[in-house]
Each structure stands twice: as C-alpha cells, then as structure tokens.
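First the structure, which I've put down as structure tokens, then a few questions once you've had a look.
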C-alpha cells in the first residue's frame, strides 16, 4: 500500500543524509496520506545506506502500525501530533543538523537577519519551551509534539515551516516529505548564517518587517513571482 | 540564438552550484552580448541538477523576453541595471553563499585584510545602503541594482568586481559569466578569511595601500606578470 | 589468525578516515579477542589509502607481537591499558579530529548541552589530567592509558564511551572496533555543536539530568525503545 | 629532463588542490635537484584541472628558465631564495589555505597548543615581519623569501617545516615536494585547531616544552619510534 508515498518518504530521508544533515541514524522524514489517515515514516535506527521504500513503516494517526515489519522511528509520535494539529502539512522532517541543533541547544530562536531567511520563513525560527519534569516523565515524544504545537499557536505553519525543540534540534514540515526535508536544509543554512552574522555584528538586529515580507511574498502566496508558473 | 553564450551562462550557473555557493535554486549567473544588446540568464527557480543551455532565457536590456519558454530569474532586473550602468562588464553572478551573505547580513563591507583579497579586489568589498521603505515598495529588483550602482560610484568595476547587497548577499561581475562566477568563489573565500582574521585579531586593520596595490597590479593591468602571456 | 577481527579492525580504521576524522596517518582503531587475550591494531604510520586486513598487527595484552610484519601503532600500549582496565570494552579508536582535539587542547571536558550528546554519553565527555613531568619521562603511552583509567574511575565505560586526553585528542571505545569508531564520529559532532552552543549562548549550562537520562536510556539498557529489536 | 621530479612536483601540486588548500590557481609546489642545481615548479596561473608533468617549468637557482614553454609561478623567486638559504630542504609549497592564511592575516604565529602540532612542528609556526615599503618596491618575491629566511634564523627547518608570511599565507617545505605539500595540509589542520582552542579557552597557553619534545621526537630523529623502520 501507499507505494508512491513510501518512495517519496524514502527519498526525503536519503536527501537529509545526502545533504549532510543526518549522519548515522540521526534523522527521519515522514509524509501523510490525508485521505487514508495513514502516515509513512522511516523505521527506527536503520542506517541511510541501503534504505529502501519497502522498509518504510505505515502507521495510523494513533500510532498503530498498519503495515511494515520494522518499528517506526522513535520520533513517530511527535510527527503524529504535528499531523493531527497542523492540518495543512503533508510532510515532516527531523534532524540533528549541526547549526540548527546548536541554536536549539542555546535555547534561542533564530532571528531573521537577512533575505535568505525571509525567502523561506516569515519571521524567526521559533524555539519551544523546555519540557517540564512532569512532561519528561510522561509520553515523551507526544509531549515534544505538543510543545511544538504550543509554540506554533497563532502562527501559520505555511509561513514558519519549522521550529527548534529546545536542547534538542529542528523539526520542519511542508506540503510533502520532500519539501519538509528541503526546509531542514534551509534551516541549517540560515542557522549557520545567523551565527556568523552575530560574530561579525554582535549588535545586529532583524531586518525590517517590510523587507522580510517583500521577500517572503515574492516566493509565496497569490502575488508570488519567483519560479515558474505551475 | 546566442548558443555559445547560453552554454557559457549555463556553465557559470553550474560552477556556482559545484563550488557550494548556491544550493537549491539560490543563485544565478548571466552574460551579455553587447553587440546585440541581449542578456542570457538562468530561468527562475529551476534547480541546478539537469540545468541545460536550452533552458537559458534571453532578454533585452529592458527585460523583455526575446527567447525562451521559462521565466527569467527574479533577479534579472538587477542584472540588467548592472549591464546598463557598468558598461565594462560582460557577466554577472549572484549567490547566497554562507560567508559573503553573513557579511551582507552584518551590513559590513569586507576589509582588505590580506593579499588573497588584494589579488582580486583593489580595496574593500563594498556593501550597499539599505533600501528605503519607498524603494522596497517600488520596483524592488531595479532598486537593488541602483543601490549597487550608487555604492560603486567612482569605483572601477574592473578593480572591485563585486559587492554585498545589505541584508541580502553578494553580486559579482567580470568580463564573462565564467569570470563573474569565479569572483563569487573569491568573495566567499575572502569573506571567510576575513571573519576568521577578526576572530584571531580583533583589532586587525587592513593591509597597506602599497601592499594591496602591489598584489592587485601583479595580476591585473599593463604591468601584470602573473599567469601566462595571452 | 583472527581473520574476521582483522577485517573488522581494518574497516573501523577506514571508517575513521572516510568520516574525515583521521587524515594522513593520524588515527588508529583496534579490537580485542577476549578469549584469546589478543588485540588486533593498525600498524604505525601506514596511510589509510590501500590499508588492508593483512596489514593489521596482532599483539598480546603485554604488547608482544603475536603476528604481523609491521610495527603496531605507536599508541598500542595505550589501547592495551584500556583493554586491561576497562573489561567490558571490545574496541578502541583514537583520532586527532578537529573539534574534539580542540576541546582536548583547551583542556576542557565537553558539557552535555543537548540531546544529541545525551543519546550517546550519559554525562560530559571527560578530559584527563595533564601527565606529570615524571610520567612524560616514563612509559609515555602506558601513562596516557593510566591517565584515562584514572579519569574514568567510578564511571561506567558503557555510559561514557570516550574521553579527551588533555592537550592531545579523543580516545573512544565500544563493544567492537566499529562501535568505537562510531563513537569517535559522535564525539566530533557533539564537540562541534558544543563549541557553537557556547558561541551562541555564552552562559549556557548542561541539560537537566532528567532529560539527559531520558535520552540516554531511550537508546541504551533494558528499557531502550530506540532501534529494532535484535 | 628531470622527468621523475616533474611527476613528483605535478603530483604535489595536485595534492594541494585535492586537499582543498588551493582553489582556482592559488598555490604552487616545487622541488630541487641539488646535484643539477635545477628547480622544477608549477607554471603561473595554470589551473589544477588537467595539470600534467610536461607543464612543469625547470629553472636554475638564479631563476633562468632551463626548460619549459610556460612562465614559472610568480612565486618562483621566493622558492629559489628558500632553496639557496635553507640547504637541507628538497621541496617547497605555498597556498592560500583558509585557516593558515587567516593566522597570517592576523600577523600571528600559531602557538603550539597540542600534540597534533608538536608531532610535526617543534615550536610555534612562525610569522614573518611585514615587508618595509622599500622592500615592497624592490624585488618583491625575493624580499618575501628573505623575510622568511630572517624569521628562520637559528631555527632548524627540519624542526619547523613551514612559516606564515605576514598578511599573506603559508609557505612550507620538506625533503620532497610531496612532504612540503603534506606540511601544508598539516599547517592548515593545526591552524584550524588553534583558532578553535582559543575560542574554547581564551587564556590557553602552549603545551610544555617537555610534552612538545616528547611528541616531536617520537616521530623525528634518531630516537623516533613512530612508523615503520625504513
């Protein structure tokens, strides 16, 4: 079942690895079939070398395995919260990429210091609150998902396609697994540029809302004029 | 038409990508046929993988498409301002490369800290002023071009073959698309070295004008003795 | 003899090189056959290009060569101390990887700043004391091993699978040479993230013991639920 | 003539490029035949892609071309000073590698912060004085060579196989072109580690002379026990 989605999800996982964002087994991507209500996700702890579509695991939105012989990613429950709560998204990716994870470890959101950032995120890349001791003792991966959802309250996930989980690393999303993985690449780039920008100009501030919106809307929404007409 | 120029422009775009300066679709190179008054440029939002000369778009100096089925780069109007105003140049490149963009985001020109810089730029790599709110509301890409031209007033574009657009990233130029792309590679290198130099010597100052000119003129102009006789 | 172990040790050495942790001849990995009491290790000063299992050297736990025409790694005596004193380990790796060596040169242990670290190390990556002048004059490589063992006193090597030798670089271990090499890769990643974290948040502190243990125990021990059931 | 030496020099130049130390045409390696008194060196401004032994230029110690259709590297006169004054060396390499050049631009010698450094340099990597205005007006490349020789006075070039030219970049040497190129790789590594070390421990000092000598002499000289017996 869902052969095409499995191929897409496998390709997105491989893209994370090829881009250097996920070494060893440190990352996972998934996608949802909204009609079926099924999510396809990477199996847990399986290396990227040799990863193939048949290894992808199909789960329902409650986390029950629908198909697959392998255990789903240990982060699957986080993905599922995002699919349940952010209804416009079609794919999710998670990595421990160096620069984005360092911002996460610093428990800082990434300010919008330039147009590269604004082309893809219409504002800072947010960071979640720390989980409480009670949440850590609870259903941990679900709690992470809920911390993300709380931090995204009032924010359009189409305008802010990713977040940093405090002390952990980035989660990104998009219309598809491919786009979610691409947003992981983008978060890593802007995380790196932002760190360098602060080194070069310790008192740097974010760009104006006008410049930010000019760039974001050049690429997104009804007035976009970047790229080719579909 | 302009088959050779299309091949050169395509190759220059691929060179930006191969050098790691332009990921996803973040960069573009162009070249001008001064006799025809036509500019060949990368299409907008098309990935580098599989990019081929036939996809290049031909526009006139007013931005009218002369040939090509794809939309020209969204930065085409900036390129055109440069071709109109900097009459000695034959190629333009634009990237969001990490280090040069970080200097741009810091809104700082890159001081000439060493001979690697001076071999290619006879002075700092300038940074433009920020666009005004009015300019941002206007013909944005043209305004960027004009901000570049203002910052280049009184400077020989053959001696300073590139600039940083504030909060954005580098534009470079040269006699050809190939040389423009090479200058993008060079700006990234000297941007990186300059950031490291400041880390190692926070009070570092630029090299002397004499050392700078010695190096620049060793490679450029009538007295150059670097490289092979043409 | 020990053909399979030689192949594993050779592969682990090549993995260090492939991961960019060991250039030129700067690194070595070994493994022990606990039944025989023999250790297989890389030969000294032999480049990774073309390294093959037949070149591996077999020594006993006192350092006597049991098989092999080449001299064992100059660090062999350090490996042997670790095998004698840390009885649970099956493989050892040593590199001069950039970030981990820089922490070692700074004579600092790596604080546990995030979950990437906690997934693999249940606490800081320790750093040894400096060797005394007397130790430096003595059996140097044995003294390094003993400094590591002293720093590991009261620490489970399964929970802290590596250490930094002050002013020198990382040694890591694991159940096998492959796992030891993997821990070298991990130490380099977390060393890099930790340096960046301090740049972004100079007053950053380690994550809570609860979050650290949650992550470590998600991957290790009886309650682990990461990865596939064996 | 000197076919073998040309092949070695070509290979050393390609090694600089393959190691990422020399992009575009930014680097050169040479070697000397002491019996003939001839030096083989890279031609000026020729890219590394496709570089072949036949393109190497043969010059005598006064800089006269003995064989070759191409102009010798513009840095040839610097190499020749080194061959004349440092009689024990057989090869020279020069690059604009990122980290070593940044230390050069900071006009700082690289302190010996760890054993990776001490394994190859028995003390700091020195930096030359700045050239005087008069020297800059004179025979520039010869003046650079003489500045290097002055900075090396009283230092054994076998113990300190390279130097930073202030505001410029590294020159390294060795018994052969291959070894000179290898020392360029090493200088870049230790330059990078040293910069990171200072970031992690701003008050870091060099390692003790005893530890430094222990490591240097483990690899070099009569008592060396690293590597295989020749």
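What to note about this one:
Read from first to last, the chains carry the letters A, B, C and D; within each, the first residue is number 1.
Just so it is clear, a residue touches a chain if its C-beta (ideal position, glycine included) is under 8 Å from a C-beta of that chain, and two chains touch if they have at least 3 such contacts.
Values in this document were obtained by computation on a predicted structure and should not be read as measured data.
The minimal number of chain-to-chain contact steps leading from chain B to chain C is 2.
To fit its Cα atoms onto chain D, chain C must turn through 90 degrees, a value rounded to the nearest 5. Distance from the centre of chain D peaks at A, each centre being the average of the chain's Cα atoms. Interface residue usage between chain B and chain D, two copies of one sequence, is largely distinct: under half of the residue numbers at the contact are used by both copies.
Centroids built from CA atoms put chain C at 32 Å from chain A. Within chain A, the positions touching two or more other chains are listed as 199. Going by the touch rule set out above, the chain pairs that meet are A-B, A-C, B-D, C-D. Contact residues of chain C toward chain D in the complex are 23-26, 43-46, 70-71, 74, 96, 98-99, 101-108, 131, 133, 136-137, 140, 167-169, 195, 198-199. Those residues of chain D that touch chain C in the complex are listed here as 113-116, 182, 185-186, 189, 192-194, 196-197, 199-201, 204, 207-208, 210-211, 214, 218, 225-229.
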